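Two complexes are shown next, each including chain A; its partner changes from chain B in the first to chain C in the second.
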Partner chain A sequence: MADEALFLLLHNEMVAGVYKSAEQGEVENGRCITKLENMGFRVGQGLIERFTKDTARFKDELDIMKFICKDFWTTVFKKQIDNLRTNHQGIYVLQDNKFRLLTQMSAGKQYLEHASKYLAFTCGLIRGGLSNLGIKSIVTAEVSSMPACKFQVMIQKL
Partner chain B sequence: MSRPVPRRPEYQKINKDLFVLTYGALVAQLCKDYEKDEDVNKYLDKMGYGIGTRLVEDFLARSCVRRCHSYSEITDIIAQVAFKMYLGVTPSVTCNNASRNEFSLILDKNPLSEFVEELPAGRSSLCYCNLLCGIIRGALEMVHLAADVTFLQDRLKGDSVTEIGITFLKQPNEKKYRRRK
Partner chain C sequence: MTVHNLYLFDRNGVCLHYSEWHRKKQAGIPKEEEFKLMYGMLFSIRSFVSKMSPLDMKDGFLAFQTSRYKLHYYETPTGIKVVMNTDLGVGPIRDVLHHIYSALYVELVVKNPLCPLGQTVQSELFRSRLDSYVRSLSFFSARAG
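Entry: the complex of A and B
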């Protein structure tokens, strides 16, 4: 699907752009990940609204997480989440063994430290989607080996 | 799964929404970071340039277009193949001058500004879709064509259509592009 290429390229340019303006001293370094995450948050909110317009009501939290792993991930990244784990106390770990935004980078250790920059937007995407479904959460990501990555969702009970 | 799986066309629409929404979030963030409209426009153009230089390879790989022999052929291909492939719209092409190196792409419906009602207050000279100009400019440069791409009319600024103007700049050794007799 041709649209995918556009989004991938736009995402990469966004990450590069945010970090370049940080380098030039216009913005502090730590704010870059926050910026990207906030952009992802806003997009996630909008996307989930359009997506769940006609779907049935979700039974519970687990149902929502399954929706994110299957339908949402399939639409955005063309594949499902490979593994969902939970401790049934509000922590979910979503594992994607071939994350679309990382497949374009070489699969060795070379760019491992930079990989987290490319996950910030997606963390925001998940957090925004959940937020508009009524769930407040904190989403973090880690990469142990390219292109596999894990997103950890911590549900915040109000 | 107990829920019925939604049909494919809906999914594709949402996929396009992803790009449009991301672009909107990007412009919103840039408006927060930069006070002057020209800075935002320049940044979007530079970003688009970076995207265009890579997108053209993807484009050439997917569409099997043959070598073009004139500027108007190139503009037709951009309008009818590239725009259709990536944005799902086909702008109409007009030629603006007799020496046939200035063209306009006229878009009735601009998919990038689908969710934009109006430009924010105080941002009247913001070219919301300046990314497109950068993309076209970057893509053309990768195939060794220098061009100036700007917005001539913008629906968001009150005009009736959105018009992108492409001016092909003269190459130092233009002999290469003339057809052999």
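Entry: the complex of A and C
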């Protein structure tokens, strides 16, 4: 990724743009978050194609999740996921203690209610990446204290 | 050696931030008036300095001092002005003011989508980081005066 500031500022504008254009009528949060998530989905699909061009096939689901936590996260956010937990039944929790897109916002509780808008794109990114690797999933995010956040991935068994 | 207070203005004269550490005497006028006064003074001095300079101007207005305090000034190409009042023992601190602009203001305010530019900064993170940075400076001593 060329320069962090470029992506950060573009992402901020994207969120602001989606919310501004939704002013007429679509006031519920849900619509805008879905739009951002779908944008992230498409970007994630493309990114994962590029990043796994030369890697070997993945052994299993856990291997794929580890790839997302290490290589994928490093290439996009220049750091790894700090903690990965699973119940071995299709639910994974990825914890990032210093999420790059939130570090400039606050260190604690200020602006907490707006945090979810800035996580939607990244949720889509993860979902898109997984989908092109053959895993259908639902990704949600939660923030209790900035800049740490948790992404929860629920694998859908077909 | 100590830092008395710090002002941050944008190019339109809006006071983005003000903090004080050791200020024994207040201006006697409401804060709004004080900010306007400070900004007006800086604007006038800047244009005065550039007009009346007997040589080609390089950096322009840098600082002024009285018998009790020294006012340091730093302006960026985008019009953001950082003004710091310290006591007399402090030398040129251009790099400190530049750090306040680049590592604190740009990082925590410009890059924060929830901080609208052109208004007073509400971010707690900016306030606390600025405070701890100033307190960590070599010429800041916790004792007043």
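Remarks
FYI, the second predicted complex is superposed on the first by the 150 of 158 C-alpha atoms of A that agree within 3 Å, B and C clash if a C-alpha of one lies under 4 Å from a C-alpha of the other, contacts with A are read in each partner's own complex, and residues count from 1 in each chain.
One rule holds in what follows: a residue touches a chain if its C-beta (ideal position, glycine included) is under 8 Å from a C-beta of that chain, and two chains touch if they have at least 3 such contacts.
These numbers come from a predicted model, not from an experiment.
Of the two partner chains placed around the shared chain by superposition, chain B and chain C are both touched by A:16.
With both structures placed on the common chain, the touch criterion links A:57 to neither chain B nor chain C. Contact with chain B, but none with chain C, is seen for A:39 once the two complexes are overlaid on the shared chain.
Once the two complexes are laid over each other on the shared chain, residue contacts for A:105 go to chain C alone; chain B is not touched.
More residues of chain A are in touch with B than with the other of chain B and chain C.
In the superposed model, A:5 makes contact with both chain B and chain C.
Touch criterion not met for A:88: it reaches neither chain B nor chain C. Judged by the touch definition given at the top, the superposed model places A:157 against neither chain B nor chain C. Across the two superposed structures, the residue set of chain A contacted by chain B and also by chain C is 5, 9, 13, 16.
For chain B in complex with chain A, the touching residues are 1, 3, 5-6, 11-12, 14-19, 21-26, 28-29, 33, 43, 47, 50-51, 54-55, 58, 62, 85-86, 115, 131. Within the complex formed with chain B, the residues of chain A that make contact are 1-7, 9-11, 13-14, 16-17, 21, 26-27, 35, 38-40, 42-43, 46-47, 50-51, 54-56, 70-71, 74-76, 121. Contact residues on chain C toward chain A in their complex (touch as defined above): 107-108, 111-114, 123-125, 128.
Chain contact summary for the complex, chain A toward chain C: residues 5, 8-9, 12-13, 15-16, 104-108, 110-111, 114, 118.
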